[in-house]
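See the structures that follow.
First chain A sits with chain B, and in the next complex the same chain sits with chain C.
Entry: the complex of A and B
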């Protein structure tokens, strides 16, 4: 019990999630129906994949505006390259995502161009690549094994969600137990100190951009498996917003240096549950967008007022 | 240091920027090319399309391009002020959609002038709320305006119920003149944009408010110690950005005489790309409204040029990627004297 309370104190998002679930199920018992809960998990899988890489990047003190179109591009590649066989299509898609991440990482870490400019550029440019590759057409998959895989379940749980969860566990392990993870925190906390301590700053930042591109690409693959189709408009322009909202809501610091994939998972499920609740109460889907916006503003406000309070107690 | 440099840069309109090349000679030419990456990019883009297409430099086409960029150009003025003061405004695209929808839907109900006034108020109010959150409460502008991007788009959809708005009898109103009219052969939006650029260039470079904007962005701590109310200055930049976006929304609605809910989607990215091309520093404290317009013009020329060459419109997005990152890289590299850090 004590451990649970201290966990909730450290990661309040899980307490908020629990609260929302309890309150909702009092008003709408059908919220707890297995089918409904599984629905939330399916819908969270893609966004969660994108948010894992973004968590690394944000802990590192950066963020990428390009994850949305990278997801769209790799989803289109996964569908379009199916004739080459599924594994080849998936590998090429992930390589493409990692490659775009590497371009971003090169310009941010080596050329020292502002990350906002670099990822804004690739956000727009990769959108162009999607249109060039698809020729403005929607691609429809012909391989129904792949589609069946996307709709499949393991022990009743959607496979796509389990894949995301597996990556989240690896991601959390990587942050906590590997040298790369510790360097990521150190650089996000204080770049100069990290540099003086001999941490390879350039390489770590570069790797995190590659990682973020790769997870966005895996998100694209999962999306392709779910839809068995890809339209040129996928990922434009709200996906970046959702991904950043997920990470920020989880409690990863906006300025870098603290955060975790577990928190992001909490943010992911909370947003998923909130959308689902609106849906259960028959609220127009437009309000989902409004909710995302308000949540972002609220979280930033709370984050900032907590920080001021902490600074005051230190004095 | 920052403040001084930007005042030198911003001390006049585009005229001195262009003629500055003549006064330097010899080895200075190389440093000019490195420093004025924008002008180089502009000349290269114009030269390329002039050679590739004989229609590109015709008066009709130039007017077409200018009219097309006048909407992004108007938004870019406010964006430049916001960025110079050290923040971002990602809400402009959604706000342009909302204001266009508001002016069109109210036109037939309360008449053109009241509709335009209400629209302007919507823009100013949105800017004021964002300005209070960023300026007064000191919240991260990127995330706050990202929230506005989503929120304003949602409000637009809720307001229209997802329906398309249009003016029922476009021939019976003068409202279309703002977006479609010509004065002495010059499109009306271009005239409005020219006046706004001139006015805000003077405001940024010649007034106390402008100097405060530059110093708040360049050195927030020093400006606070010298008694500048930085919160108010930042709030004002957001209010101006909201107001100018409303003006752009009115021009957009007037040109189309109709408005669709996602009209301005993605504008924020094109505007910021243009402003960045125009050499406005993302660290704040440095920026020039006329150069921001040149940046927007480059983006407009790319769109126009690719269409003239018969290439699909989406090639321009890849070109924007290369040019935006390339120009900023050139700028950073010339400041530190080598390509890679």
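Entry: the complex of A and C
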């Protein structure tokens, strides 16, 4: 119990998630229906993939505005290249995402251009690529095996969610246990100190941009499996901002230096549950957005006030 | 201690939020989704409610129509123009075990998996306003919306009347590859070819539903054919206004007869000025009412036609005062 309280103090998002779940199930027991909960999981898979890479980047002190259109572009590639066989299509799509990430990373880390500007540029540019590649039409998958895979379950749990969860576990491990993870925290915390300590700052930042592009691309692949189609509008206009919101909601700092993939998962599930709950209550979608915005501000406020308190206690 | 009180505050705030939402939901009248066996629950996922007043009016009339019916409720969702979100909403509606799912597709191709899933779950689906791709026909009960082919025919009827069956015309179509654009253009072509040997369609050009592109296309056509053009048929009034801007610039507005497939507010104004000969009145209210009625019939297990069109009457200068100016 004590450990649980201390966990909730460190990651209040999980307490909030639990609160929403408990309250909702009092009013609407059917919220807890297995099918409903599984819906929330499968619907979180794509956004979760995007948020994992974004978590690395944000701990590093940066963010990418291009994840939404990268997701759309790679979904289109996954569908459009199906004639080459599914594995080839998936590999090319992920390579394309990593490539766009590498371009972002090069301009930010090596050329020292502002990350906002660079990723805004690729956000817009990649949208152009989507239109060029799709010819403004929806691409429809001809391979029903791929689609059936997207709808499949392992031991009753949606496969797409399990894939995302596997990446989240690897992601959390990578942050905590690898040199790259520790460097990411160090740079996000204090670049100068990190540089003085001999940490390869450029390479770490570059790698995180590549990573963020690659996970966005995996998100695109999962989305393609879910829809069996790709439309030119995928990921436009606000997928990128919702991804950043997911990570921030989890409690990862916008300025870098702290955060974790576990926190991001909390943010992801909270947004997913909140959306589901508001639909269950048949709330008009405008209120839905309004409440999501309010919750975001509220949670970040609570988190930051707890953090100040933590620091006062421990220092 | 203050940490805990901060947490408590949050939880209390959440309760308050959920409470507000709960009350709001109850006022909307859609709370007890599928709870009562006698009540018909229509699950609806709309394309993008905030994007234009056609869709906003459609959404409002849908709610009003359902509220006025006994024993019918609706769960009203908005996909916000996002195909992935629309699929999620279809999944949620399946999970809520509504009696019928009505979908206004964000994209006719990307919706096919959702319709298939609903059918597998044994919940009937109807498609509203814009068509699903043809591969999806087998998964749905039918379509409720405008007869876009007939709108094209109406454009041709008016054109033949205005030109007395003689002349050269151009067709400014919507976005190629989209059913509405293909039907509006096809209905026009077919009717002209079958009924007016004296009228020749000298060009058919895509405008992508884009006003600026329509202006550009019309400018080029005026350069190419000059005063050989007697009539212009446009895919909707938005395209028509674009074409009209080009004609105004060239000083030929009013000399060339223009007929349109779908009336917008600005087209109504142009008709008052005498610059638009005819259009079709497509009312979002009629659209919504027609769709709700079809959804209820399907939920009641009645046999329904696959194609359920609502009337989109032809509007000309003579009868335009019978119609209100469209608010979109």
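Note that in this section the second predicted complex is superposed on the first by the 290 of 315 C-alpha atoms of A that agree within 3 Å, B and C clash if a C-alpha of one lies under 4 Å from a C-alpha of the other, contacts with A are read in each partner's own complex, and residues count from 1 in each chain.
Definition applied: contacts are C-beta pairs under 8 Å (C-beta built on N, C-alpha and C of every residue); 3 or more make two chains touch, one makes a residue touch a chain.
Computed from a predicted model, the values in this text were never measured in an experiment.
> Answer with first, second, both or neither: which of chain B and chain C does A:279 touch in the superposed model?
second
> For A:287, decide between first (touching chain B), second (touching chain C), both and neither.
In the superposition, A:287 touches chain B and chain C alike.
> State whether A:11 touches chain B only (first), chain C only (second), both chains, or neither.
In the superposition, A:11 contacts neither chain B nor chain C.
> A:147 in the overlay: touching chain B, chain C, both, or neither? Say first, second, both or neither.
The second partner, chain C, only.
> Figure out whether A:226 sits in contact with chain B (first) or chain C (second), or with both, or with neither.
second
> Let me test your reading of the model: by the given contact rule, A:204 touches which partner, first (chain B), second (chain C), both or neither?
In the superposed model, A:204 contacts neither chain B nor chain C.
> Is A:111 touching the first partner chain B, the second partner chain C, both, or neither of them?
First partner only, chain B.
> Which of the two partners, first being chain B and second being chain C, lies in contact with A:55: first, second, both, or neither?
neither
> Contact-wise, after the overlay, does A:234 reach chain B, chain C, both or neither (first, second, both, neither)?
second
> Show me the chain A residues, by the header's touch rule, that chain B contacts in one structure and chain C contacts in the other.
Of chain A, residues 136, 284, 286-287, 294-295 contact chain B in one complex and chain C in the other.
> Residues of chain C touching chain A in their complex?
Per the stated touch rule, the residues are 2-3, 6-7, 9-11, 13-15, 17-18, 21-22, 24-25, 28, 30-31, 33, 49-50, 75-78, 80-84, 87-89, 91-92, 95-96, 106-110, 112-113, 117, 133, 135, 175, 177, 208.
> Touching chain A in the complex: which residues of chain B?
Contacts found on chain B: 88, 133, 137-140, 142-144, 146-155, 157-158, 162, 265-266, 269-270, 272-273, 276, 282, 312, 314-322, 324-325, 328-329, 332-333, 336, 339-341.
> Inside the complex, what are the residues of chain A that reach chain B?
Per the touch definition, chain A meets chain B at residues 107, 110-114, 116-118, 120-129, 131-132, 136, 202, 236-238, 241, 244-245, 248, 254, 284, 286-290, 292-297, 300-301, 304.
> Residue numbers of chain A touching chain C in their complex, please.
So the residues of chain A in touch with chain C come to 8-9, 12, 15-16, 19-20, 23-24, 27, 30, 33, 35-36, 39, 42-43, 46, 136-140, 147, 151, 223, 226-231, 233-234, 276-287, 291, 294-295, 298-299, 302, 305-306, 309-310.
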